[in-house]
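The two complexes that follow have chain A in common; it is paired with chain B in the first and with chain C in the second.
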Partner chain A sequence: MSFSSSVVQLRSGNQMMAEGAIQAGCKFFAGYPITPATGIFKTMIDLLPANAGVALSAPDEISAIAYCIGASMRGFKTMTATSGPGWSLMIESVQYALMTETPLVVALVQRLGPSTGGATQGGQGDVLLAEFCTSGGYTLPVLCPTNAKECFELTILAFTWSEILRMPVILLSDKETGMTVESIDYSTLSNATSQNRPSNFAFRDYGEFQKEQRKGTYYIDALQEIPTFAPVGGDRKVTATGSAHDKQGKLQKNSPETIDMLIHLEEKLRWRHDDFSLVNMDLQESAKTLVISYGITSRAAKDAVGAARNVGHAVSSLVIQSLFPIPVKKLAQALDGIERVVVVEENMHGLYRSVLERYCNGQRVQGVNKIGAMITPKEILNAILG
Partner chain B sequence: MKLPPITNGFEIVYKKPDTLTDTPMHYCPGCGHGVVHRVLMEVVDEMKIQDKTIGVAPVGCSVFAYNYMNVDMQEAAHGRATAVATGIKRVLPDRFVFTYQGDGDLAAIGTGETVHTVNRGENILIVFINNGVYGMTGGQMAPTTLLGMKTTTSPYGREAASAGFPLKITNLITQLPGALYVTRQAVHEPNAVRRLKKAVRLAFEYQLLKKGTCFIEVVSNCPSGWKMTPQESNKWMEENMFPMYPLGDLKVPSQTMN
Partner chain C sequence: MTTAHEIIIAGFGGQGVLSMGQILSYAAMVEGKEISWMPSYGPEMRGGTANCTVIVSDVRISSPILSKYDSAIILNQPSLDKFADHVKPGGLLLYEKSTIINPPTRSDIEIIGISAVAEAHKLTSKQVANMVLLGAFLSRRPIVSLENVVKALKQVLPAHRQHLLPINEQALKRGKELVNELIGESV
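Then we have the complex of A and B:
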C-alpha cells in the first residue's frame, strides 16, 4: 500500500473511504465526477493501479455502476461513489445487482437535493432514497459513518457485508463527513481486510462439472441460504439475469421456484438480521430522554448530550451506524425506560424518524430537523432540555 | 446638473448586447464561456428575437447562464438539455430554441440524448462548449480529453489503452441525416469570435427552415482545469486542441437540402 508511514495524517472522509476500500481488497472502481463524492473517485484513481487494481472513468453513473457489476461477476471486489443525482441514475443497476446477487459497494455522499440541488451544500436527505430504491422494498444494508476514521472502518465492513450476503451495500456519507479533513492516527486503524464471498473457483473433473454446472451461481437448498458464487468465465456455465429467475438463473415468470428466489433475496438478510447491526450506545440509567442520530449530526448530538449532562440533565444517546437493516434489538435496549425520543437529522421532516417511529412503543418521538445548514449542538440541547 | 452621456457626439461602434444582463460573470478569468454567451446574445439582439428565444442550460460551469442571458433559460438535469429542448420545441415550434452544453454534459452523460436529438433532426440549435475537461467539478478527464493530457483523474496523462480516444462527437453526429448545419468554431482571438458569430446567426436563421438540427461546437479553454494562465491556455489550445478538433464547417445546408 502506498499510504504514508507517518502515523498521524490529515485525511478527508472521502480519502479514508478509498483507503478503506483498498485495504478491504477492492480491486475495481469506476466513477463519474460529482461533488461531494469526487474525492473517493480521485483517490481510487491515484491508489488502485499501484495496488494491482483497475480504476475507470465512466461517461456517466449508469455506466460506472454497470462496469462494477461486470467485474464483480468475475469475483472482484468493486466499488463506485456518487451523490444524489448520480445515485438516482444508479438505482436501476443497484436493483440488478440485488437481483443477480452480485456484491458491490456504493458510496453515496449526500448533498442537498432534490434534483441537482446544492452541489456544495450538505444534507441527509437521501436516507430513504438509498434504502427504498427497489421495487418490492427489499432491505439493503446502509452503513453511515460519522467521521473520517469511521469512513475507513465502515468501508471495510461494507465490503464484508456485501461479500457474505452477495448483495449491494450502501455507504451513506454526506458532504461534511466526506470532505472535512481530519487528523487520522493510522496506528489506531485495524489491519483487517474484508471477508470474501462464499465462492467456487475450483477446477472440477468432467463428471463433477456436469453435476455441479446445473447449480450455476444461484443454487440454494433453503430460502435463507447464500448461494455459492460462481464466477463468469470460470469452470461452470454461469447465467445471471435481472429477470425473475429460478435456481439455475433462467428467466421464469411466476413459477413457485421463482417466487421462492424472490423471497430468498429478502430472506437471506432477514434471517441474519441481528448479525448486521452496528450502533454506538451511550446510555444513562436514569435518563428519560434518548437522542438518536447518525452521520454528521451525531457529532453535534454528542456535544449536546455532553452539555445536557453538564447541567445535570440525564440523557441517553444512540448513534446508529447501520441504518438498515434497522438494529431493532439495540434500539429496544436503548429505548428501555425512555419516555421521549429526539431524532436529529439534516432533512426537512425526519426521514429516518418516520421509519423508527414504528419501533417505539409509547415514547413521544420528536425531531430536530433542518435543511440548508448543519444542525448545531444548541438546537439539539434545546430539544433535550425542552 | 445632469451630465450629457459621454457618448454624445460619438458614434457607438461597440457595446454590451442589451440581452446580456449587467450581472458580473462568475467564470474564471480568460474562460471561453463568457465570450460565447456574449456572441449568442449579440445575435439574439440583432435578430430582435429576445422574446422568441428559449435556451436550455446544462449542469456544468454554465449552470448560471440564466443570470447572464436575458431570455427564458431552463437548466436541465446533467446531460438532458437536448431532451428538455425537444419537449419545448415540439410544443412551441415557432420559437428559437437552443441548448448550451459542456463536453461532459453533451458528450459523456448526455451522449444518448445528443445522438437521438440530432438523429430526429429536432429544429434546435445545439451549442457545444468543448474544453476537454469537466470544468465545474474540478478538471477531471472527459471523453474529449486529449491523449496524454493530465487531469485530476488522468494524473499520468490520458492513455488510449485504458481510457479510449478523444471523442469527436461533432464528426459523429455530422453523419446523421437529421443534422442540417454542423460547424466547429473557437473564441480565442477576434477573428474566431467573428466567425462564431456568423455561424450562430446562420444557425438561428436555419431554425426557421425546419429542416434539421444545427450544431455548433466551440473549442474552448479551461484555464483553471488545465492549470494554465488564460494566455497559456489559448496557446495550448491552438497547438493541441485544434489539430484534434480542426475548426471549420463539417456540414452546410446545401449538402443536405437537395
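Then we have the complex of A and C:
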C-alpha cells in the first residue's frame, strides 16, 4: 500500500515507530501480538529481514523481552512492543535490562485497563506503571509521541538514549496515536540514525587486554560514567546478573562498591537529565493559565488553546514529550507567572498530574480527565475558560 | 478558519466501513490534502460495531476527533442512533436504507437514504455496497474526485484483488447516479 511516486504517504503511528527503529539501526525485534501494538510487530516482521535484521514472533511477552535482552547483550540494537497486559509480564525482565545495563527500547502502546481491559480502546492509564515499574524506584526514561511523525522521531531518540545510557527506554504511545493513519511527508523526516553504545576495545597488545579485562564488565571511575560495552561471546569476559553486583559484575552483598553501582544506575541518568528534556512550549506572556498535556490528548489541547486565544483568552501550552525524567527546568520556565495549571490526560484521576503537582509552587492545579473515550478540544476549552 | 471536512463512517464489522475511510484517505492524499484516519472497533473478530473518523484538511490536523461531524455515512441502526445527533447543522447524513428501521428525522441537515446493498447485488457483488455509498457521498461532497478514488483503489487492492477494480469503479459511479436521480426527483 504505497505510492512510490510520492514522498507523501499514509502511515500509522505504529508503522512509523517500526520505520524509526529500522532507521535507528535496530537489528532485532521480538514481540507477541497484542492490540493496539500489533502494527509495530507486523511492520517489523515485514521490513526488518529486508534490512539485515531479525524479527521474531515469541511464544509470549516474557520470552519476547528476554530474546531482546539477549540480542542486545550480543551487541545489537533491539526493540519489543506491547500493550498494558503484555507490559505487566515484561516488568520483571525490563528490570534485568536496567540492572545489567543492557540497552533496549520497549514500545508500550496503551489501551484501556485494568487487566485485558478494552483491547481496542485507547487510554493514558499506564504512565506511572511504565515509570515506576522497578522495585527500588529507579528512573526509566519515558518518551511520549503525539502523532505519527513524532513516533518516528522519538523512536530514533529512544534508541540513542538507550544506547548512550545503556538502559531500557520506554516509548509510551497509545491506541489512537498508534493506530490513527496520517499523511506523512517523508521529505520532512530526518535521515539521522541513533547513536551507539560506548564500546571501544581496540587493544594494542595482550597485556593491555588483560589489564582491561581485570577492570570488569561494569568498570567506571565516577558514578555518572557509562561502562564501556563488550558483547557477550566476544573477546572479553562479560558477567551479567540481575543481583546487586560490583564493577566486575560479581554478586555482592552490601559492599560499598555494590551500593555505588546501584547509585550509579540512577546517577548516569540524573547527570544527563537536562540533555534529555524534550517539550513543545507555546507560551504567551500575559497568560495566567498553563495547559499541560502529553501524547494524543495534546492534539485536542492544541485545538483548545487556539480556540481560547481566538476568543481573546491568553493561555500557554506545554506539551511534554520526555515524561520521565521530568523536564524540571523547562517546566519551571513554563510555570513562570502562571496562576492556574490544567493537566489534560485520558485517565481517571490524573496520574501524571500527581507527579507534576510537587513542582508547582502556589499554582492551582486542576485536571481534565476521562476514561473510555478521547478528550475533546471542547472539554479542554471549557476548563481553560472555566 | 476551517478548511477541514470531518466524516464519520459507521456500521458493523465486515461492511467495509474502515476500508471506505481508507480509500477516501488515499484519494485525498493523492490530491495533496492532510489526512487523519482514526479507526474504532470492538474486540470481536467479526460483527460488532466499527467506525472510522476521517478528517480531510488543507492545513495540518491537530486533534483527530472533534465533537461534531460535517458528514456521516451510516450503515446500521445502532450507528444511526449514536451519530445522527452529532452531525453539524447543514451537514450531510447518508445512510444505507436496508439496514435502517427508524430513518433519521432531523430537518436541519441533508439526509439521503441509498439502497446500496441492493444496488451492489445488481452489480453481482454485495461487497461493493461501500463503494456505492462512497460514490453517493462524493456526489454531494466532492472533497476528492472519483478518478482519484479509482487511483487509490488501484494502490489499496492487493494484486490478487486487482480484477475487482472495474466493479468497484462501476459501484462508485452507480452511487453517484443514484444520488443524482434522487435529487432530480425532489427538485
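Methods note: the second predicted complex is superposed on the first by the 375 of 386 C-alpha atoms of A that agree within 3 Å, B and C clash if a C-alpha of one lies under 4 Å from a C-alpha of the other, contacts with A are read in each partner's own complex, and residues count from 1 in each chain.
Heads up, the rule we're going with is that a residue touches a chain if its C-beta (ideal position, glycine included) is under 8 Å from a C-beta of that chain, and two chains touch if they have at least 3 such contacts.
Given the structure is predicted, the values throughout are model-derived calculations rather than measurements.
Once the two complexes are laid over each other on the shared chain, residue contacts for A:78 go to neither chain B nor chain C. Using the contact criterion defined above for the overlaid structures, shared-chain residue A:181 touches chain C, although it does not reach chain B. In the overlay built on the shared chain, the residue A:293 is in contact with neither chain B nor chain C. In the superposition on chain A, A:35 makes contact with both chain B and chain C.
Which of chain B and chain C touches more residues of chain A: that partner is C. When the two complexes are overlaid on their common chain A, residue A:8 makes contact with chain C while staying clear of chain B. In the overlay built on the shared chain, the residue A:302 is in contact with chain C alone; chain B does not reach it.
Using the contact criterion defined above for the overlaid structures, shared-chain residue A:60 touches chain B, although it does not reach chain C.
By the document's definition of touching, of the two partners only chain B reaches A:46; chain C does not.
Shared contact residues of chain A, touching chain B in one structure and chain C in the other: 35. Interface residues of chain C, counted against chain A in their complex, comprise 1, 22, 25-26, 29-30, 32-43, 61-67, 155-156. Only residues 59, 63, 75, 77-79, 104, 108-109, 111, 134, 137-138, 140-141, 143, 152-155, 162-163 of chain B touch chain A when the two sit together in their complex. By the touch criterion stated above, chain A contacts chain C in their complex at residues 1-3, 6, 8-10, 35, 118-120, 176, 179-183, 296, 299-300, 302-303, 306, 310, 374, 376-378. By the touch rule above, chain A contacts chain B in their complex via residues 32-35, 38, 41-42, 45-46, 56-57, 59-61, 85, 115-116.
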